[in-house]
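Below are two complexes that have subunit A in common, paired first with subunit B and then with subunit C.
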Partner chain A sequence: MKKHLSLSLLFFVLLFVCGCWDAQDIEDFNVPLIAAYDLAKENGKEVRVTVLYPDVAQRNKELIEPVEGKTVGDTRSKRGTRFPSTLLLGHIQLALYGEKLAYQGLYSFIDNYVRNPRIKKSLYMAVVKGGSYEFLKEVHQNNQYLGFELPKVFSSKKKNQFFAITTLYDFAHAVTTTGKNPVLPVLSADKRKNYKIDGTAIFKKDKMIAIADMNETVPLILLRGIERCCGHIPFIITKEGKQIDKGTVEIASQRKVYVERKGDKFIFHIKLKINGRLVEHYTSERFLIKDANYIREVEKAVEEQIKRDCQKLILKMKEEWGVDCIDISRFALAKWRRELEDVIEDEDFIRNADIKVDAKVNIDCWGSGS
Partner chain B sequence: MFIFGKKKKDKDKEKNLSKAALPAESAYKLPLKLEEKMELIQPYLIKNDDMVGRPFCLGGEHEIKGYVIHLEGMIDNISLQQDVLRSLMFYACGEELNKRGTDYLIDHIYKNCLNVSQIEKVYNLDNLLQAVFDGFVILIFDGISEALKIDIRKTDRRGIEEPDLERALRGAKEGFVENVIVNTALVRRRLRDTNLVIEKLIIGRRTRTDVVLMYIEDIADPEIVINVRDKLNRIDMDGILGTEYIEQLIEDHHYTPFPQFKTTERPDKVMMELLEGRIVIMADGSPDALIIPSVFNSFLQASEDYIERPVISFYNRLFRYLAFILAVSLPALYIALLSFNPELIPVQLLITLAQGRDKVPFPVVLEVMIQEVIIQLVIETGLRLPVPMGQTIGVVAGIVLGQAAITAGLASPAIIIIIAVTTISTFALPNSTLVMASRIVRIFMILMAAAFGIFGFSVGWFLLLTHLISLESMGVPYFSPYAPMRYPDLKDSILRGFISKMTKRPVSIPGQNPVRKRETDG
Partner chain C sequence: MDKDRFEITPKQLVFLVVGSEVATGILSLPRVLSAEAGHYAWLAVILGVTVPVLSIYFIVSLYKDFSEPDFIKVSQLLFGRFLGFVIVVLFSAYIVFFQSIVIRIFAEITKTFLLPRTPIFVILFLILFSVYYAVSKGAKTVARLNEILFWILLVDLLVIIILIPQGDWTAFLPLNELNVTGLLKGAKESFYSYAGIEFLFVAYVMVNRKEKILKAAFTGQLIVLLLYLMVVVVSLLILGPKSLQYLIWPVLDLLSVRQIAVLERLEIVFLVFWLGIGARPVLNLNLASAYSICRLLKLDNRKYYIWVTLLVVLAIYIIALIPDNLVVVFKLADFAGSMFLLISLGLPVLCHIVKFFRKGRIGYEKAS
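Moving on to the complex of A and B:
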């Protein structure tokens, strides 16, 4: 009797502990690949969450579903009243944020991602010029597989472009760490309804403060010292005010930052070590470059161009944005944490800092044939 | 040199024989007169039509009557006529014997008349009758109480062929047959060591099956030898079919699906196992040799592992381990991922899987179970049918049924692939008993995953490993050299080191002589 009772008890315990009640097969889910967030109304009290997911029943089709609500969670419960399937949030590859929403601050819109262990922290984030719902709707007309293609722009780590690639982890880390500020890539749709990366959103913690265009993005990425950042840079060689050659170099950059202090003045020395190869140059008589000194000229031209662009950006950062978007404050914080912990986020810190850039370009492959 | 409990062994042999003997009421000492002997034997001759007897007289002037008894079809008739009866009837010289007395007769026949090698005296009726039923020829004489037992047994057996279940691309192509004498000869021919001991036992009160215990005296662990012999001697049942029965009767853990002793049909493998200090049991009627003790690792090794180059053997073994993991876990993992943790599946694959399952009316668990049942039925059907029909069934089930199930929306393409890969992996395992075990464990893992998802899958593996670690094969940890860790044996685990570097015998298997090879050689 006792044995039977024990076995029955064990059976019921196993039955109730059993997780099979929670099982839900994959065909019952919708798998959103892109989630887009916008302000629903101008007052900023409602949010519109749009998801783009491939339709399981009809192959080769992606659906876009916008739902508005007071909070992100509210949109989820409202979505349940309109659509039969459950969203499987763990596979969101890309989160898009409308421009206005980004200016308001993204903290409350990444909170639900950070809290949910099922959502991968490596999803990419981007700001969209205008509204993200409109962007998705517009661009999707030209591209049936946008859900798979757009995240690949970020995941297939581009070797020929300089633009910011920021994951949810990077963003959350920068927002919550003293002395760090995130940047996000900016997407826009052109007249032919194709998407493109159109600049970099500069953030002060979770709030966007400005958008740097693509010309500013290159020095920004170089100065931020993103690991193994590489891409193509065009150059022009002039002599006595006359253009004698132009071309492109493919470069990979490494950054070193050294900070020193003179009284209240902080002096940052940013050293860019750039290695690269000559991709092309247009002067026909020099198809085969046998004179190594010519390459020194190219290196010098690229160095000067990079220095010039970087100083221009630093000036804009100090005067207009007033935020450390090139991620150098942490070096000072590492040395003088107690003193700087409370003031390093202030605009004055970066405005008063002296930032010096030195670039050293080494082009070791130029196709000389030797 | 250590003698393996010789006295005890003899006692056990006697005990064994007495156990195997006929009931006590027939334990008579043989009478002198032939008629009286025949009176005792007659009931058996009447009852058993295959028991044949014929009278004869010894050659010479003074006739001495005799009687030959044997079982039909069990002996070599030509040898009986030429080597036994002809010698007795023409060359035994009864008058000479008459002068010296009848006591001399039996010794004379034993030593001078019969030109067969295996002759033994029998003193009582029990042993006489037992010898007849064991297939010996029995000679009884008038005026002599002793009988003679002559071994000219001959049974029809199949030829020595390559074993179906243990085919090797390279190496010997010989396999054991159902005759234990032939099997021992196959081993002896390869292992001509004077220390190779072959002990013969008779197990089964009624079947009286010949069982052979083999070991190399100066390598095998004496304790294990004694233990195995004791266990064999303790078997007291009316009949055994072969090594399969012995395996179940002497193993320590009866409830585990995992085999505790490896079986092989290859003499070359037996030879290698003996050289590593293991003990081998073979039984008449069974083409398998039982290798004691065996560790889990050895079930994933094949005989050609030692023939191929180390890198190739390592590559093959790696795939066998992978096959075991896949055979046990693939359907369970499929359930866990699709029903509980789809976030862990790459998105492209997830969409494809979801689209494949969209029209399937069953939940994932049921879909897997249905396919698992179907494939088990196909395997069972294929095993029992003749080869051409079995192949047809395989093709019908594999291609037609699978395709039809997908078209009818009863199964997703993915589950067909999952079950196919699982089945292929199952049969990639080199040991048939491990194949059976993996099928049972797979069901357990499916249930765990169906109940608890990835967590259940992990717990299932945890329990499986714990179980494997807790097992022992004749006192030897089953999961060594991994747990407990035996570092020297790792060079012959998944890895297969260079033969020139394998200077020591496995540490996992207790033994006396650890050195296999001198380091200076080769």
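Moving on to the complex of A and C:
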């Protein structure tokens, strides 16, 4: 009796095996690597979602499928009426957003990602100059493995270039946290249909307000104090207005922020501690091991250049953008949260703040050349 | 008591205490606490632990004077046959209700993250079937299972430490703007996560070395506190009190913010183990409930325990299916949290008061 009861219970359990509902054949799916979002051309109210995925049936081929709809979800159902495959969203590596859409605001277009537990919060986000569909179509003509290659630009921890790397988590966190604003890398296609990082999109919460070019991106990344940010910086040494040497240093930067207030005035002191190594210098007459001042001159040149670029960017941020894009407001909140919580995101706060930058460069590695 | 199946060691009690408390609550704890206490959520965790700590102390000090510290016998000695009977029935009903909520939340998480197309009633059935099987083997099996699952839980939760360097310490500041009302509300919200210690009412009699119970229970409670603190602190560091409000189960989202080499999706690794961990309180409290009912009705444990267990599991299954959606479930969880306060603190205090007034008239007291 007991045996029969156990067997019938086991049979009953097998009937309810979850696979009956959730089992799906992987061959029925396509796995998008890049999703691109734009305002639909016709009315600007609809969205166009383009996905780029490697085709399971045809090896070594990536497909690009644009679909327009009222919402992101609507494009998914419309996609079903136009294309045979079902998309498995869990492996999306990169989400691209067209420029116009970014100006309108991105939160409505990331909600489907935040809500879907299958989508990883570490997927990368970027803004595309112009339309993201046009970008994908154009660049893909030149690069048949774009879906695999482009996300790697962000994931392969670049150590020789400064640009923003922002994940879905970074973006959503900045948008939903008082005193924080996200930045996204900007992609564009050049004349030869190659992709390139072309600047940084400055956001006020989820709305893009401006694009900083690559020259502004370097101080922006340094000032934001992005964890262990590093890259190459060229330098020029001048004496009495005359260039005597030039070269490149590879640096890694750490930021410290201290904030004080005098009445209603908030004074931010940003200290950049920069360590690095000499990559190259052009003048062959000066020997580093004989000339004790030379490395100090390099350090000074880099220091001055960084300070100059940072001050220029801060001025632009205060006068033109009116938004804290260098992530310093949180330090004021950490001292006067209750008082500032409601006003810290007003333009006047950052415009009236006094922001001082100090950079200390230490080139402690010269390589093996003398 | 059937010693072969129901006797446990003080060391096993440590794991049972952790297992009875740490489950679904931990996944939403940072959100519910920071909703009320803001960036002082970590302080609400510490404040909230006073309830289970007092509860442990009251329960242990209540039982130590009885030669047979059995929940049913003590209840009937203190309150008389009828009232004692009612108290045990209410206690068992509370456990069934509470565990229905726990298992429903567990099933909801499983559905959201792992099995979106599988109906809730199927997920519940599969979980409760396993629960029934383990509980029917007795306290010893349940305790051993808790011990194994504890180590898995530890590894599973400790992985979130790797996120600390990415955190923003300013999220904890300033420390001088404490909102006491918010903090107290936050502490109240933590009760759902601390519920489960009332298991000690029933488990006390099962522990073989009674003099070590207090230490074991406090050790278990300390582990729970440290785990909760760690989760809340890391959540505040990575997400901050405001962002936390946008996520239903922030701890799971926390695990997906960073891609890890080899493992890639940390939350998937967590969820794989989660299937074992999440059902532990149901195991432990189901055991307590079935054992109490058997004792109350004077049924032979060897013959009827598995049938009573089956009935309890069935009751949990039916009640777990009642709420329409997650909003209702969370409201019920909130209510269950308040009930926890009544049962874990109110009941032992009441017992102490009655014991004080009836001193010398209770036949089973060691002292008398």
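Definition applied: the second predicted complex is superposed on the first by the 344 of 370 C-alpha atoms of A that agree within 3 Å, B and C clash if a C-alpha of one lies under 4 Å from a C-alpha of the other, contacts with A are read in each partner's own complex, and residues count from 1 in each chain.
One rule holds for everything that comes next: a contact is a pair of C-beta atoms (placed from the backbone, for glycine too) under 8 Å apart; a residue touches a chain by one contact, two chains touch by 3 or more.
Keep in mind that this is a model prediction, so the values were computed, not measured.
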Under the stated touch criterion, which partner chain does A:Trp336 make contact with: subunit B (first), subunit C (second), both, or neither? second
Give one of first, second, both or neither to describe whether A:Asn215 is in contact with subunit B, with subunit C, with both, or with none. neither
Let me test your reading of the model: by the given contact rule, A:Phe148 touches which partner, first (subunit B), second (subunit C), both or neither? first
Name the contact category of A:Leu88: first (subunit B only), second (subunit C only), both, or neither. first
Applying the touch criterion given at the start, work out whether A:Ser8 contacts subunit B, subunit C, both or neither, answering first, second, both or neither. neither
On the A-aligned overlay, A:Ala172 touches which partner chain: subunit B = first, subunit C = second, or both, or neither? second
Which partner chains sit in contact with A:Asn362 here, subunit B, subunit C, both or neither? Use first/second/both/neither. neither
Determine, under the contact definition given at the top, whether A:Lys120 touches first (subunit B), second (subunit C), both, or neither. both
Counting contacts the way the document defines them, which residues of subunit A are shared by the two interfaces, the one with subunit B and the one with subunit C? 18, 20, 22, 120
Report the residues of subunit A in contact with subunit B in the complex, numbered from low to high. 14, 18-20, 22-27, 29, 31, 33, 54, 56-57, 59, 88, 90-91, 93, 118, 120, 148
The answer for subunit C against subunit A in the complex is residues 39, 112-119, 122-123, 125-126, 129, 165-166, 168, 170, 173-174, 177, 238-240, 242-243, 245-247, 252-253, 256-259, 265, 267
In the complex, subunit A touches subunit C at residues 9, 13, 16, 18, 20-22, 114, 117, 120-122, 155, 167, 169, 172-173, 176-178, 227, 330-331, 333-338
Partner subunit A, residues of subunit B touching it in the complex: 338-340, 342-343, 345, 347-348, 350-351, 353-355, 357-358, 360, 363-365, 450-453, 455-456
